[in-house]
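Sharing a structure here in structure tokens format.
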Amino acid sequence: MDPITLYPIGAYQPMPFPAPVWLMETLLVVGFFIHAIPMNVALMGGITSAILLFQGKNKPESYQQRAGKQIAASLPLFTTAAITNGIVPLLFLQILYGPLTYTSSILMAVPWLSVLFLLVIGYYGLYIFNYGQNKLGEKSPWFLLGSSVLFMVIAFFFSNNMTLMLTPEKFLPMYQASPSGMHLNLSEPTLIPRFVHFVLAAVAVTGLAIGSFGLYFKKKDDGYATWLIKTGAGLFLGITLLQTIVGPWFLFTLPGPVQQQFFDVNGAGFMGLNKMASHLFRTSLGLDVIALIAMAIAYVKGSSKAFITGLVSALLLIGAMSEMRHLVRVFSISNILDPNTHAVQPQTEILIIFLVLFVALILYLGWLAKIVHKAYQNK
Amino acid sequence: MAFETFKKMNLLKFGYDWLNQRVPLEAAIKFATKKEVPVHKHSIWYYMGGICMLFVVLQLVTGLLLMVHYVPSYEGAYQSVMAINNKIPFGWLIRSMHSWGANLFIAILVIHMFSTYFMKAYRSPRELTWFSGLGLIGLAMVFGFTGYLLPMDEMAFFATKVGVDVAGEAPFIGELVANFVRGGEEVGQATMNRFFLIHVCALPAALMGALGLHLLLIQIHGISEPEYFKKLSIKKYEKFFPDFIMNDMFVWGGVTLLFLAIVCLNPWPLGPTIDPSAPAPIGIKPEWYFLSQFQVLKLMPSQFLFFEGAHVAMAIIGAAASTMVLIPFLDTGKNPTISKLATIWGVVFLIALGVLTYMGLQV
Amino acid sequence: MSYPVWEVPNIGNGWIIGLIAIFHVFISHFAIGGGAFLALTETLAYKKNDDRIYDYIKKHSKFFLLLTTVLGAVSGVGIWWAIGLANPSGASVLIQNFGLFWGAEWTFFAAELATFLAYYYTMGKMDKKNHCVLAWIYFGISFGTLFVINGILTGMLTNGGWLNAQGNIVGTVYDSFFNPAFWPALAIRLFIMFALAGIYALLTASTIKGQDDLKQYLLRYSAKWMLPGLIAGPLFVVWYMFTLPPATQQVIVSGLSSLGEGNFSMMAKVIFLCIVFATGLIGMVIVGPFLNPKGFNTTFALMLLASGFGFMFTEEWSREMMRKPYVIYNYMYSNGLRKNQIAQVNADGFFKSNAWARAEGATLAKEDTVGHGKLMFRYQCMSCHTATGNGYRSMARLLGERDENAIANLITLMKDNHVILSEESKDEKGNTVITTKAKTPYNGYMPPVVGHQDELDALSKYLVTLSKKGMEAGAEKAEAQMATESAPQSTTTKS
Amino acid sequence: MMMMMATGQEEKIETPPTFDYSAETAGETMSRRLFMGGMIGVFGAVMAAVAAGPLLSYLWPPKSTAIKIDKLVLGKVAEFPAGTSKNFKFGSIPALFIHSPDGSMHAFNATCSHLGCTVQYQQAKNNIYCACHGGTYDPATGNVVAGPPPEGLHKLLASVEAGEIVIRPEKAGAKA
């Protein structure tokens, strides 16, 4: 039978890619990394700060109150960064895997588009807390909590779309059931473990953010700083230990052939089929262990050095995970859609301009951070 | 004129002086600047009269323009309106403005009327202003009724037919009146002539008179202030000229934009041509501002006590309308209980109008 | 042509893009023009060293923050998402073609947001002069985002040397980016941005309480932001009009001069409305805040804002309609069909050329003509038409009383929508004159219908079921069926 | 004032000067006022143009619907004995046919060249006469005989074909 009637996926447009595939893949992964960090804090920071605020309810001067308010104040910034940086991975995802992502998005058009509305409402929830906490009083943390819940719904929709695009065999029956874009990918076995794994990771990253706040206050207020580091490290530690259950759960729901690329019980030293994937998998396990140990020390002692070690290894770990996430995608669909087969004709000038602007952006953001810091130092 | 003095005077001043020597411009401006408009939280309703004025002007202008191409004959009317709609540049705009304008004019008149009703602006010494206003609403509705026939499409024909037949239901003189309005037994060329004449000659003249009286009385009595405002210790006013006029112009601008947006995006349609032998089209109903009255007629059983239902219905409509006429004499502002009752009656009246119109729209 | 069609009842999926886009444009233009406003106003405050103006700027920039960084930014992403849902083929052309431009725009966008946040949070904490500089940097960077997106947007309509007449790509992406309309469109957008910045500022200034002198001063100051558009706007609009494709120019000119003639005057009506809104808006600003700042209040400011929205709505709507029937002019039609693909699809057949139509068609019985016709409709027409009811450009309404023959003729006619006939004739002096004329009246309004003849027949069979006649016939058929279903009983009694 | 502003840059002043803007709003310089006034004037003109365009195009008379015809059968020869005439419409042009007492047949565009009245044939005087201002033309050639008309009548071609009088425009007739 005609294969396209089983897998009705579109073709790329008959024009060459504007940049080499490897470069765009790199930008996709880097983009996801710089999106994931602020996104994670924005996602679970609301719940975390609300819990801290509820804990310190009747103690206005308590660390919990202070930390809760400071985290909440930073959340709009994290949200802004998350949205802005989210554009990069989505852009390159569309270039490289457009025929799949467009289709899966259309199938779940309504929830997919509702993300925007949820985002706006959640975003304003954060501002309502920050500008209205004096008026709202004790009720105000509920707004943070509400925002977090809305953001979790968004995360859930994203999980749906990112898994749905990998299973084109579902496209046709789904579309024929209803063309008005009301589907979700609930039948997907990896959906729930993937979602839980990612949401828990977001709590851990929020822990990293709290600890980093501690590093910032180290010179000003040592007691508070130590408390922040301990709290942040503890949060990371607890959640990451929990991930030792959720992680494998997620791993083992992945389709067998994809698993085998990363590790293989029958292979030499569990070596998987794909060399890079296997090394990456092992490295991340190693980074995980380092981060756990360092955070354990930081949790007990409140040491900033231990925390920094843990932070760096955790960030590296997130980077490695981002790449692995990408590899899972590649392995799942390489036999259906392979961007490497499409012609490339680099738009050299604009490519150079883009890369120069990218570097300039980083330098500019550094400068901006410096002058803002200075302004706050003076006052 | 010496060159130096000419240089000092700019053109605007020259024109002003020239006019002022011939008409009492200065006095008029002095009068207008002396006049003041109260500023309070209900001030927004003061703009309704101005908006009504805007629509009067728009209707007059677009009506005049329509007559350039309109042919008031039983056979030719439809063709000419079709040409205006489809052939003549911007004809659709002028006609849609006129048709939409007629409806919006009545809507805004109703709003204007109820806003003044609830602000109790009908009280002494403004009874005559109130009556002239009621007269203007009546005129507007007759305008609407007579104008509806003129394009001579299917809906227009049957709506007129039904409308005149309703008048024929009136006791004793009904049939007489109906025949008089129709100019015969059937809606035809004679009806057309009458409606056209009423619409473009008689009513505009009457409107000018009633409107002139209305505006003159407003100038004489000034703008009415709500009770609570009168009691305030610090009252804020703005000058009628130029401040309030400027505000008025601003509002006119906004209303015109909204109006044109409605008109351009939903040009007024023209139905199929008439076929007097055809049955009345499904879903035929009078214009919305007649629906409430129409609905009362419909709701009434054919026999009510000892009277014919239609007669009772007309009596009810008449009684309700007459409360609006009598209200300045009933609620003079001296008795707070009556004042409150008048407000309640206004609300009841408004709700009844709304509900009846809504019911009429349903079928 | 290779994606499923997201069906949105009543309004059609195109309006999902439209509504989000218009909403976004209304805010994003403020984000850029408002940057200039903040910079100039802060310079003013600095020169006068007046804390009252600083206080106003603080209030205004908080409003700015809440509006642009949240609604503006999210709705911008929203357009992108919506075009991916409603017109994935068009979106993927843009993405594949301009991907790196978007990347460059992103750097500006990220810097823009960061700068504004830095600006906002350092207000009153930083040296006043440096803070002023920050405002100017913000404006400069946000202008960068406009610069990039303007090239992509205008390139969708006037793509310069990028394409040849047959719709084949012959130029580079830069031909499309720096297209003839690039500069006039950039200027027009800037003027609109300044005007919108003024209108939003009128809103915030109208809320100043208890300082009448400052309020009136700021109102007049904000009203003057209409000036650039008033002075130079018309010039650039004329320039812009001359850069448009000749066919589009023709439709506009003939539409505007004979408004009302024919059924295709919607675009002309919207352009007319746009002109009305522009002049009306400026008139309102003159009689309102400029000449009479005393009487200007927040209600009036909201009225101005609504009128401004009306202007943006008609402006963006007419710009979209000018591109009709293409999504990328002369390259891709709004239904995803590429112009250079037509001959191929007509030869191969539509179902063979469209992955989704083929897949869906395979699930149907071969003799199900109406079903196949429905698929033709879905993949060729639904990007602009809704099927039943009274929805946006609903076929049921448009077909009206047409019967089977009329519909079949219509489809035959529309097969040649892209064909331009050229005629050679001699003028009085004996020179050869070539006049070109579209073969069908739908050229410039609709894409051609493509496919084999039997596929076109299937489409008209389906359309018949939508038309009034078809609906009535369908109802009769159902009644007849009910009658025959009850018939057997009577036949049994007979036998 | 300038001094204060200049120092304001260097060190913070506790209470910066507050401006009274009412004076500033009122006292704009003359040239700026003129400019603004001019702008309002220009805008008024633009607005008038925006309104006038549609209005004029609405009021502009539609293109004349002149009917041009190449041939008109007036009737049987027997209906027009010598010495009779007939005013008729040739397309949208008023025309005059004369069967002269001498038997010749002539047809003219009946528009008087003076002020455009329609002329008539006076059988008794055997001339073409315009009742408006007394212009008189020769019934055979259409040349002016008396009165104010500056030039003669435009000729049409009258001929007899199969017993019917047929009128044609002069040029087409000449070519044929």
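Read from first to last, the chains carry the letters A, B, C and D; within each, the first residue is number 1.
Basically, contacts are C-beta pairs under 8 Å (C-beta built on N, C-alpha and C of every residue); 3 or more make two chains touch, one makes a residue touch a chain.
All of these numbers come straight from a predicted model, not from anything done at the bench.
**Q** Comparing chain centres built from Cα atoms against the global Cα centre, which chain wins on proximity?
**A** C
**Q** Measuring centre to centre with CA averages, how many angstrom lie between chain C and chain D?
**A** A distance of 43 Å separates the two centres.
**Q** So, what's the distance in Å between the C-alpha centres of chain C and chain B?
**A** 39
**Q** Once you find the CA centre of chain A and the CA centre of chain C, what distance in Å lies between them?
**A** 33
**Q** Could you tell me the distance, in whole angstrom, between the mean C-alpha positions of chain A and chain D?
**A** The answer is 76 Å.
**Q** Residues of chain A that touch two or more other chains: which are they?
**A** In chain A, no residue touches two or more other chains.
**Q** Which positions in chain C touch two or more other chains at once?
**A** Correct list: 257, 259, 276, 283.
**Q** Give the residues of chain B that touch two or more other chains, as numbers and ranges in rising order.
**A** 87-91, 93 - these are the residues of chain B that touch more than one other chain.
**Q** What chain-chain pairs meet the touch criterion?
**A** Result of the pairwise touch check is A-C, B-C, B-D, C-D.
**Q** Sort out for me which residues of chain C touch chain D in the complex.
**A** Within the complex, chain C contacts chain D at residues 47-52, 128-129, 212-214, 216-217, 220, 227, 230-231, 234, 257, 259, 275-276, 279, 282-283, 286, 290, 293.
**Q** Which positions of chain B touch chain D when the two form their complex?
**A** Within the complex, chain B contacts chain D at residues 65, 68, 87-91, 93-94.
**Q** Give every residue of chain A touching chain C within the complex, in rising order.
**A** Residues 2, 4-6, 8-15, 17-19, 24, 27, 76-77, 80, 83-88, 91-92, 94-95, 98-99, 101-103, 105-107, 109, 112-113, 115-116, 119-120, 123-124, 127, 171-172, 175-176, 179-181, 347, 349-351, 353-354, 357-358, 360-361, 364-365, 368, 371-372, 375-376, 378-379.
**Q** Can you list the chain D residues touching chain B in their complex?
**A** 54-55, 57-60, 62
**Q** For chain C, which residues count as touching chain A in their complex?
**A** 1-9, 16, 20, 66, 69-71, 73-75, 77-78, 81-82, 84-85, 88-89, 91-93, 95-104, 106-111, 113-115, 117-118, 121-122, 125-126, 130, 134, 169, 172-174, 338, 355-356, 358-360, 362-363, 378
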